[in-house]
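The same subunit A turns up in both complexes below, where it pairs with subunit B and then with subunit C.
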Partner chain A sequence: MTEFALETSTGITIIILFGVFWVAFGYWLGRKNRTHEDFALAGRNVGFAFAAATAMATWVTSNTTLVAPQLTYQFGIWGMIGYSFAALGLILFAPMAKRIKELLPNGYTSGDFVRLRYGNLAWLVFIIISVVYAFGWLISLGMAGGILLESLSGLDYHIGMTTILVICVGYTLFGGMRAVIATDFIQALIIIVGVSFIAYWLIDNVGLESIHSNLTSEHPKLLDLLFPAAVMFLFNNIFFGLGEIFHSNVWWSRALSFKKGVAYKAYLTGGLLWLPIPIVTGFIALAAPQLGIFPPSPDMIGPTVAAAVLGKVGAVIVFIVIFSALASSLDSLLAATSDLVTQDIFHKKLKPKASDKTLMRFNRSCILGLGIMTWLLCLPRIATLGALLNFAGAFVASTIWPIVLGLYQRRLTGSYAACAMAFGTLFGMLGYFVIGFYVAALVSCAVSGLICLVGIMRSNKQFDWNQLDEGEQIHADK
Partner chain B sequence: MLISELAFEWLISLALVMTCAAPVLLVGLFIKDFISKTIW
Partner chain C sequence: MTTQKSCFNYRYILLVLCMFFILPTTTLASSLTLSGPEAVIKEGYFTVSVRANDMSELNRVTIEVASDSNFTESTRQFPALGDFKDISLTGFSNGTYYLRARAEDTDGQSYVSNTVEVTVKHYPLWQALTLFFIGLVIFITLVATLLLLHRQWIHSKQHKHHD
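Moving on to the complex of A and B:
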C-alpha cells in the first residue's frame, strides 16, 4: 500500500494521455491559422458556446479548485462565499467587453487601449503591473501543478510542475488562441462534472446535517457569519477579482476575439456559470475536521478530502479536474501575455513594420520564453498559493478605476491614470505588509480611486474616442 | 452568529444544482452553434 491516493505510475499515465491529446488537438486546430490575427485572436470570430465556456473555464483556475477549499478551511463559510463573489468580475466585465469591441474594433490587447487612451507613461506603469500579475499567476499555476501531482501520486514536485508546463506550452504554441478556446470548452465540461460528482458523493456519504453539527460543536468559527477577517476577505476578494479581470489581457483578448454581439452575453453567462463553483469546491474542505483530516499544507485540503472520501476513484477525478483547471488558465495566460509582449512591445515599440509572419514567429517564441521563465521561477517553492495570489491583489486592484473611467469617461488624463496605478499599488503593498493580505486590494483600489477622482475634478480635457481605433494593421509578408 | 443548518443546506444544495446545470447549458449552446455553423 502506498501513502498516496494514486500510484505514481497512474498519475504519470493520466498526464501523458491527456498531454498527448491536448497537444495533438492543439496542432490540429492550429492548421487553420493563416495570419497573426488568426493565431492571436482566433480570427475575431468565436461563437457564443465557446465564448461562454472559455470565460468560465479560464476563471476556474487551480486557485478555484485548491485555494477556495484552503480559504474555506481557514475562513469558513465566508471563505467560499467570498471566493464566489469573484464572479462579479466576469459579470461586470460583460458590458465593458461590449464597449471594448465597439471602441477598438481592430485592437489586440489591453495595453493597446492604455497606450492610445492615456499615453506612454501610464502604459509603462500598466505593463509593469500586467507583467508582475501575469508572472504571479503563471507561477501559482505552475506550482499548483507540482503540488497536485506530489500530493496525489507522490511524484516529485519538480517533475510534475515541469510536465504540466511542457504540455500547456506545447498546445498553445501549435494552436494559438483557437486551441486555447477549444480546449477550454472541453476542460470546462470536465471541471464542472468532476467537481459536482465529488460534492454529491460527499453529501451522500457524510451528509450536510452531519457536517453542520460537527462544525457547530467543534469549529463554530467556520460557520460564523461575523468572522471579522473573513468579512474583510470577502470585500477584498471582490476588488481583487475586478482588478484581475478588468486589466488583464487574458480577458481583453477574449473580448476582441469573440464574434460581434457575443462578448456581452458570453461574459455574463460565464460569470453566472462560475458563481457556484467556489462554494461547491469550498464545501469539500468543511468536511475535513469531521473526517479527521488535517493536512500539513492548507492548500492540499481539497484534494486530500476528496481522495479520503472517494479513495482511488476520487483521487483520479481530482487529478483530472485540477489538471484541466490548471491547463485552461495556463494556456490562456501564456497566449494573452505573449500577445501583450508581441503587440505592445515588439510591434508597437521595436518593429512597427514587422510582417505578419514575423509577428507570428515572435509570438510563438514568446510563448516558449514565458514557459521557460515560469519554469525557472517555479523551481523554488516560494509561498503557499493563497499568499502568492493575494500579493498580486495590490497590483491589479489599482487598475480598476483607470480602466473603467478610461472606457467611459473622457476627462481622466494619462498622468493621473499613471499616478493612480503607481500609488494604488504602493499603498496596497503597504497594506499587505502592515495589516494583512486581506486588505491589499481594498487599499490599492481606494487610493487609486481617490487619485482618479481628483484627476477628473481638475481636468478640463475631453478625450476623443476615435483616437482608439488604429485601423487594420496588415503588413504584407516579405 | 452562526449560519443556521437550513441556510447552510440551501446554500450548498443550490450551488450544486447550479453547477450541475452548467454542462447541460454549454453542450446545448455548442449544438446550437454547430447546427447554425457559428462555432468559429
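Moving on to the complex of A and C:
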C-alpha cells in the first residue's frame, strides 16, 4: 500500500481547523460591512501593508505552488525561471493601477472600464473572455485543492476538492472583500515563512550538487538552455501572466479598493516579493528524479517531493502553505467574479435602479452560485493543471494591448478593440491545438497587437476621458 | 470424415480445460499491459499507464526504459509512486525508446509487460528561437509603450498642475 506523507485523518483535521478559523474570521470581519461598496471594495480604504500582502498572496496560487513545479518537471530550468517572470505582470500593473484609480474614482470593475471606453461590443467579448478565464482559474484552484490532499494524505480527490471549495465560499460569502484582503494578509505571512523554510531545508538536506549530477546523467534535457519547447514557453508564460493581471477584475477591484497613492507601491512590492517563490517551488521538482519520484500526473510533483524530503513535519508545513495559497486566490477570484457579474451585468444591464441591499444580496448569491458551478466543473478531472491554465492563456493575452492602449491612448476605437480580443483569442486557440499550450498566449498577444496597431493607424477619433466617470449611481435603501 | 471431426472436438475441449487450469496462475503475467503515447513526442515528457486484470495484485511497479528493444543498452528504471499505475516521465532527448513495465504479485513473483516504443523528436531549434525572438520583440514593444504612455500622462498631469 502507498505510504502517504500524512495520515488522511491529519489532513482532514488541518483542513477543518483552518476552515473553521477562516470562516469565523470572515464572519467577524463581515459584520463591519454596511454598504455594497464596503462588501465589494472594502470601503476603498485599504492601506499599503494589506495592499502589498493581498497582491502578493493572491498571485501565489495553485499556479505557483503546483504548476511551477509541474512546468519545471516538464521543461527543466526554463520552466522554473520562465514561471518566475510572471511577476512582471504585477510589476507592470503598478503604473496602470495608479492610472485606473485616477480615471475611475467611482468605478467598480474592469468590465466597467471596457464598456465605457470601448462600448458594448468590446464589452461583450471582454466579458466572455473574463468568464472563461475566471472559470478556468476557479476550476484549476478547486482541482488543485483535491490534488493537494490526494498527493499528501491519500484523501479522495473529490472529497478534498469539495472541502476546500466549501471553506473558501463560506468566508467570502460572510466577509466580502474585507475578509478576502484580511485573510490574504495572514496567508501571505504563512506563505513567505513556509516557502523560506522549505527552501532552506531542501538545500540543506538534498544538496545542489547531487541533484545536478543526477540530472546531467539521467535527464540532461532538463538542464538544457536550448530545450526547444521550453524556449517557446518562456515568453508565452510572460504574456499569459500579463494578460491575467491586466484584464482580471481580481486586480482592478484591488486597485480600486486601495487608498489613493497606495496602488503603485503595493503592486510593485507584491511583484518583487512574489518573484523568488516559483524558483523555490520549481526547484523542488528538479530533485524528483534523484529521489526516484515519478508521479502519476506532473501536477502532483511539488507536494509529493516536498513531503518525501521533509518528512511528516515538513508535509504539514507544505500542506498549510499550499492550502493558504489556494485559499488566498480562490477567495479573491470568487469575490472579483461575483463583483463583475453583480456590477456589470445585474446592476448596469438588468436593474440600474437596484438598491444597495439588493446588490449585496445578489453579490452573495453570485458567490454561492459560482462556488456550486466550480464544484460541478471540478468533478471530472479534465486535464492537468498546467494544460488547463494555459488554455485560458489564449483568451487573456488578447486583452493586453486593448487594456494598455485603452487606459492611455485616445485613438483606439471599440470595434478594433473587440476585433483584437476576438481574433487574438481565436488564433491563440489555434496555436494551442496545432502547436501546444506553450504558444497559445504568445500567438494571441501577437495577433491582438497587430489589430490594435492597424486600429490606431486608421483611426482619427479622440476618446474623451470624461466619459469614464459615471459618478455614484447606487441607490441607498430608504 | 465423421471420426476425424469428433477427434478434433475432443482435443479442443481438452485444450480449453488445460487453459482453464493454467489461467489462474498466469492472470497477472498475461494481463500486465503497458500503454504509452502513440504520436511522436515533441516536448520530451509523456505519461505511461500500467494495467492488469486485478490491479490490487500489482506491487512494486517499475518502468524500464532502454534504447534497444532487447533492453540490453542503457536501461533505466523508474518506479511508480505508491499504488499509482500512471507514471509521468520527463527530460528525454531525441531518440527512440523502448519501455516495459515490471511488477510483482502478492507472492513476490515478478512479471513483465509488453514493450512500448516511444519516439521523441523535439521541435527544431530554429522554430523555437523564431518564436522566442517574436516574443522578445512584442514584450519590449509592450513595455516601452506602457512606460512611455505612462510618463507622458504624468508629465501632462504635472503640466496641468503648474498651469
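By our rule, the second predicted complex is superposed on the first by the 474 of 478 C-alpha atoms of A that agree within 3 Å, B and C clash if a C-alpha of one lies under 4 Å from a C-alpha of the other, contacts with A are read in each partner's own complex, and residues count from 1 in each chain.
The definition used in the following text is that contacts are C-beta pairs under 8 Å (C-beta built on N, C-alpha and C of every residue); 3 or more make two chains touch, one makes a residue touch a chain.
Note that the structure is predicted; figures quoted are calculated from it, not measured.
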Check the residue A:Ala122 against both partner chains and state whether it touches subunit B (first), subunit C (second), both, or neither.
neither
Mind working out whether A:Leu256 is in touch with subunit B, subunit C, both or neither, as first, second, both or neither?
neither
Which superposed partner A:Ala287 touches (first subunit B, second subunit C, both, neither)
neither
What is the contact status of A:Val193 with respect to subunit B (first) and subunit C (second): first, second, both, or neither?
first
For A:Pro228 in the superposed arrangement: first (subunit B), second (subunit C), both or neither?
second
Considering only the touch criterion stated at the top, classify A:Pro220 as touching first (subunit B), second (subunit C), both, or neither.
both
Name the residues of subunit A shared by its contacts with subunit B and its contacts with subunit C.
220, 226
Using the touch definition from the top, list the residues of subunit C that touch subunit A in their complex.
42-45, 47, 63, 76, 78-93, 122-125, 127-129, 131-132, 134-136, 138-139, 141-143, 145-147, 149-150, 152-153
Contact residues on subunit A for subunit C in the complex?
1-4, 73-76, 92, 95-96, 99, 215, 218-222, 226-229, 231-232, 234-236, 238-239, 242, 289, 292-298, 300-301, 304, 400-401, 404-405, 407-409, 436, 439, 442, 445-446, 449
Considering only the defined contacts, which subunit B positions touch subunit A in the complex?
1-3, 5, 8-9, 11-16, 18-20, 22-23, 25-27, 29-30, 32-33, 38-40
Per the contact definition, I'd like the list of subunit A residues that touch subunit B in the complex.
42-43, 45-50, 52-53, 56, 77, 81, 84, 178, 185, 188-189, 192-193, 195-196, 199-200, 203, 208-209, 212-213, 216, 220, 223-226, 259, 269, 273, 275-277, 279-280, 283
